[in-house]
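Just below sit the structures, each encoded as structure tokens.
Each of the next two complexes has subunit A plus one more chain, namely subunit B in the first and subunit C in the second.
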Partner chain A sequence: MFVFLQQIINGLAQGGIYSLIAIGWTTVFGIVGVINWTHGEVYMLGAYVGYFVTTFLHLPLIPALLVSMLAGMVIAVLVDEVGYRPLRKRGVLAATGFITALGLSTILRYSASAAFTVNPRAYPELIEQELLTLFRVGDSAITISSLHLIILIGTFVIMVALELFMKRTLTGKAMLAASQDMQTLGLMGVNAELLIKITFAISGALGAAAGFFIGLLYAIDPIMGALAGLKGWSCAILGGIGSIAGSLVGGILLGIAESLTAGFISTGYKDAIGFAIMIFILLIKPSGLMGYKFEEKV
Partner chain B sequence: MALLEVKGLNVFYGKIHALKDLSLSIEEGEIVSLIGANGAGKTTLLTSLMHQLPYTGSVSFQGKAIDQAGTRDIVKMGMTMVPEGRRVFVRTSVQDNLLLGAYSRKDKEGVKKDLDHIYEMFPRLLERKNQLAGTLSGGEQQMLAMGRALMSSPRLLLLDEPSMGLSPLLVDQIFDTVVNINKTGTTILLVEQNANQALRIAKRGYVIETGEIVLSDSADKLIVNPQVKEAYLGG
Partner chain C sequence: MKKLRINSGEWLFGLSGRVTFLISAILILFVCFVDKFHGGKAWIPSYTQHILVTCLLSALLALGLNFISGYLGQTSLGHAAFYGIGAYTTAVLLTYTGLNFWLSIFVGMLMSMLLAIPLAAASLRVKGQFLVVITYAFCEIFRYIAINVPVLGGTGGMAGLKAPEVFGVRITKLAATNKGGYMILLFLLVSVAAFFSWRVQRSRVGYAFAAIREDEIAAEAMGINVKYYKTLAMVISAAICSIAGSIQAAFATMVSPELFSSTKSIQIFSMVVIGGRMSIKGMILGGSLMTILPEVFHSVKDMAGLSFDPWNILYGLLLVVMMRVRPQGIWGRKEKDEG
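What follows is the complex of A and B.
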């Protein structure tokens, strides 16, 4: 029981990171309708920007995170401008966007390998790493690492900001409406292109933040986006594609599942078991945990 | 001067010639009904008037040519469309649906006043303002779609088959609502397959067949026109 609880706590930070990646996927897919495979690369580049500004410019934690998120926004918007917008203008994005996405993802990944070398790099120590006691069960303490705590707090703040933006601003409401029916929203005089750019910016900021947080925990390399991107997309599907809350839950679930697998079975099975659980849940609930369905009304 | 003046409108879907040299005009304050069978081009006409489809020809609204304008400009100038099939945002609350209808407006005070006005006109929407629109009945969704369009404070409202798929009682309600909206000073272009009721509330009517206007007259005359009777009023 004790170990079980401890493993759940250990999985939360990683889970929050998966959630951030997943939300970036799900918003772009929901609104633009493209499976944006470059998202894993935005995550990787966000991690690198974080590495450079902390290592060479000696920026402290929060400014470095913000710069990394800003870079993620710019990169994601550029990806749309260069890769997807020309297809959208000709009305062929749905059919061909996937190929463009895979191509751009590969180009970004190998350009990063060439530019940064494939050697793993580690962030400098930005905050002191220590184990904090959360509470005690008998003689033993349930602990959380200070890094995990920072990541959880950061993730939480970003999520709250996103939630407020989506629920309280008219632009946020228009984004939710755009994911349902862009054509009808157009009738209301909403500028679809602007909304799409905002969507990519948000997606990029979240992906880069996730990359930055991973950099706080582990060494980074140019191909880190491949598996993390795939897992983020899976979490988005698990949560119900298009649903932000679903992506949040999906990410946390995967983080905890992986941590439990690593604790009780073996680290080697971590990736496989995470996917196995997801396949299982989707068999039971194909629309995902929080997928929406309304009957047609007459 | 007509409120809306359409001259020689042509629209193509690839090789399909969907609107052929179509002309019509609408005076301020009127209800004008456009009657036509499935596939005649009614939706195509309304959608191109909102500049969601490219066309050739000339359209002027309030005396100004709007052929170069974007949808946003057109909404701002005061022309709004209620799309066929209602198309409310089902995963969005009733109130947010209404607020999105006012997306192009900057006058917060006016928006708030219009919101109150719409809740007055449709008390059922007020009762359900925090519910997701997808949980509303079909009739309520149609009211929401009309309310959402009215939130842009239009001078001309384009309605695409508002009675579609509703029970006879609800259909009557919807037509009453259209008359009420018109009484508050909004001009209406009403597209319908329900020719009988559409012509009864209208001042004038047009009949469209395969992309062409084939008849245009006062509603009183159209309703007794043998051609119209046979084709659209069940003989």
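What follows is the complex of A and C.
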């Protein structure tokens, strides 16, 4: 029981990171309708920007996070400008978008491994890592690492900010509307192109933030984006495409499931379990756990 | 409904399929045996032969995936799974039971066909973007199984597989070099697969595939059993990829979890996309291009002394440019109404 609780706590931070990646996927998919396969690469580049600003510019935690999110925004908007916009203008994005995304992600991934070399790198210690006792069960303490706690708080703050942006601002409402019907929205006088760019910027910022957080926990390398991107997409599907709350739940569930698998079955199957869950959910309920709230699609 | 036009025997330079087969058979035999009949230095280096074998393997894989990504128009990023299943089945059977290699190919095919059924079931429920992820994840799961099951050799895989025999002669001793036998074998298999695809394309089944590709709901309304044909396509394509896997296992004399890598799946998919979906010669071209170009750029890397492989970056660029300039692939037909 004690180990079980501890594993759940351990999985939370990873789950939060997955949620951030998942929201980046789901916002872009909702509005542009293409699986933005480069999202994993934005996540990886965000982690690298974080590494460079903390190692060479010695920025503290929060400014470094903001710089890395800004970089993520720029990269994601550039990806759209260079990759998807020409196809969108010709109206062939639906047929060719996915393969273009695949190509762009390959370019980004291997350019990064050419530029940064494939050796893993670790962030400098930004905050002191210690184990905080949450509560006690009998005579054993349930603990959480301070890093995990910071990541969870960061994820939570970003999510709340995003939710407020979506619900309270006109742009956010326009994005919600765009996920329902882009064409009609264009007829209503909304600048669709600008809206798409904002969507990509948000997605890039969230991806980069996730990359930064993973950098706090583990060493980063240029090919980490592939697996993480896929897991983020799994979470987005798990929670229901288009639902921010769903992505959050999906991410946390996957994080906990992986942590439990690592603790009770085998670390080797940790990554496989997420995919098995995703296939299972897609086959049983293709709309995902919270996908029924279709009007909340972002 | 759109008029269905199937390109008939337009093979290379407008030749008929039979003539193309004969010409390429003569070429392959020449490559295999030329060094046996003259003394001195070999004309065809072993490296070239190795690349030729790999080209043929790739062509076989592309022809397999063509059933899903070409005829049915679905995207699969998981066909390396069947490639790996074929290879691992052969490796396990050869190592632990000492079964005949040729029989192990059929067992591998059977395994792949059985395991294709869950994937086919998935393709009935979801399609497009979601199917991409399911197939990708499907393949990844097998990779983790291959890494984690001790019997399968873990990360290192299984090595030291014996070369198969044809009528008591080792396949490596058939031609001038040890690659020749495989080249002939693969050439025959690619020919059979190409002929098979060509016949299927022009059959009742092929027309059903085309109808499902163009409009699934309309096809169902016209009385085409969509479930049956989708499953059929998945099973056929799994079986073809599995054969390629079994031969790869024997050719490399080893198997490793890298066979299941997503890079391999994406490579197979891009062969189909670059060659031109639904075009049989396109598959062979796509497979060859995606094998030769990496080798070329690898030697560029060695010559220029680069610290990274330029091919991977160019490969991404190739896909992006291809989608911009010629989305239907080099030898593909233009689709009028996609999406």
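The rule is simple: the second predicted complex is superposed on the first by the 291 of 298 C-alpha atoms of A that agree within 3 Å, B and C clash if a C-alpha of one lies under 4 Å from a C-alpha of the other, contacts with A are read in each partner's own complex, and residues count from 1 in each chain.
To be clear about the criterion, a residue touches a chain if its C-beta (ideal position, glycine included) is under 8 Å from a C-beta of that chain, and two chains touch if they have at least 3 such contacts.
Predicted model only: the values in this text are computed from it and were never measured.
**Student:** Just subunit B (first), just subunit C (second), both, or neither: which does A:Ala95 touch?
**Tutor:** Only subunit C is touched by A:Ala95; subunit B is not.
**Student:** Touch test for A:Ile281: subunit B only (first), subunit C only (second), both, or neither?
**Tutor:** neither
**Student:** Applying the document's definition of touching, compare subunit B and subunit C: which contacts more of subunit A?
**Tutor:** C
**Student:** Report for A:Trp233: first if it touches subunit B alone, second if subunit C alone, otherwise both or neither.
**Tutor:** Once the two structures are laid over each other on A, A:Trp233 reaches subunit C alone.
**Student:** Of the partners subunit B and subunit C, which touch A:Ala174 in the superposed model: first, second, both, neither?
**Tutor:** Once the two structures are laid over each other on A, A:Ala174 reaches subunit B alone.
**Student:** Report for A:Leu70: first if it touches subunit B alone, second if subunit C alone, otherwise both or neither.
**Tutor:** The answer is neither, since A:Leu70 touches no partner chain.
**Student:** Is A:Thr184 in contact with subunit B, with subunit C, with both, or with neither (first, second, both, neither)?
**Tutor:** It touches subunit B, and subunit C stays clear.
**Student:** Examine A:Ile142 and indicate which partner it touches, taking first as subunit B and second as subunit C; both and neither are also allowed.
**Tutor:** So A:Ile142 meets neither subunit B nor subunit C here.
**Student:** Which subunit A residues lie in the overlap of the subunit B contact set and the subunit C contact set?
**Tutor:** none
**Student:** Which stretch or stretches of subunit B touch subunit A in the complex?
**Tutor:** So the residues of subunit B touching subunit A come out as 50, 52, 71-76, 80-81, 83, 87, 89-92, 96-97, 99-101, 103-104, 132, 134-138, 141, 148, 152, 165-166.
**Student:** Would you pull the subunit A residues touching subunit C in the complex into a rising list?
**Tutor:** Residues 29, 34-35, 83, 86-87, 92, 94-96, 98-100, 102-111, 113-114, 117, 226, 230, 233-234, 237, 266, 268-269, 271-272, 275-276, 278-279, 282-283, 286.
**Student:** If you look only at subunit C, which of its residues touch subunit A in the complex?
**Tutor:** 75, 121-122, 125-126, 129-130, 132-134, 136-138, 140-141, 144-145, 147-148, 262, 266, 269-270, 273, 307-310, 312-313, 315-320, 322-324, 327, 335, 338-339
**Student:** In the complex, go through subunit A and note every residue touching subunit B.
**Tutor:** Residue list for subunit A touching subunit B: 170, 173-174, 176-177, 180-181, 183-191, 292, 294, 297-298.
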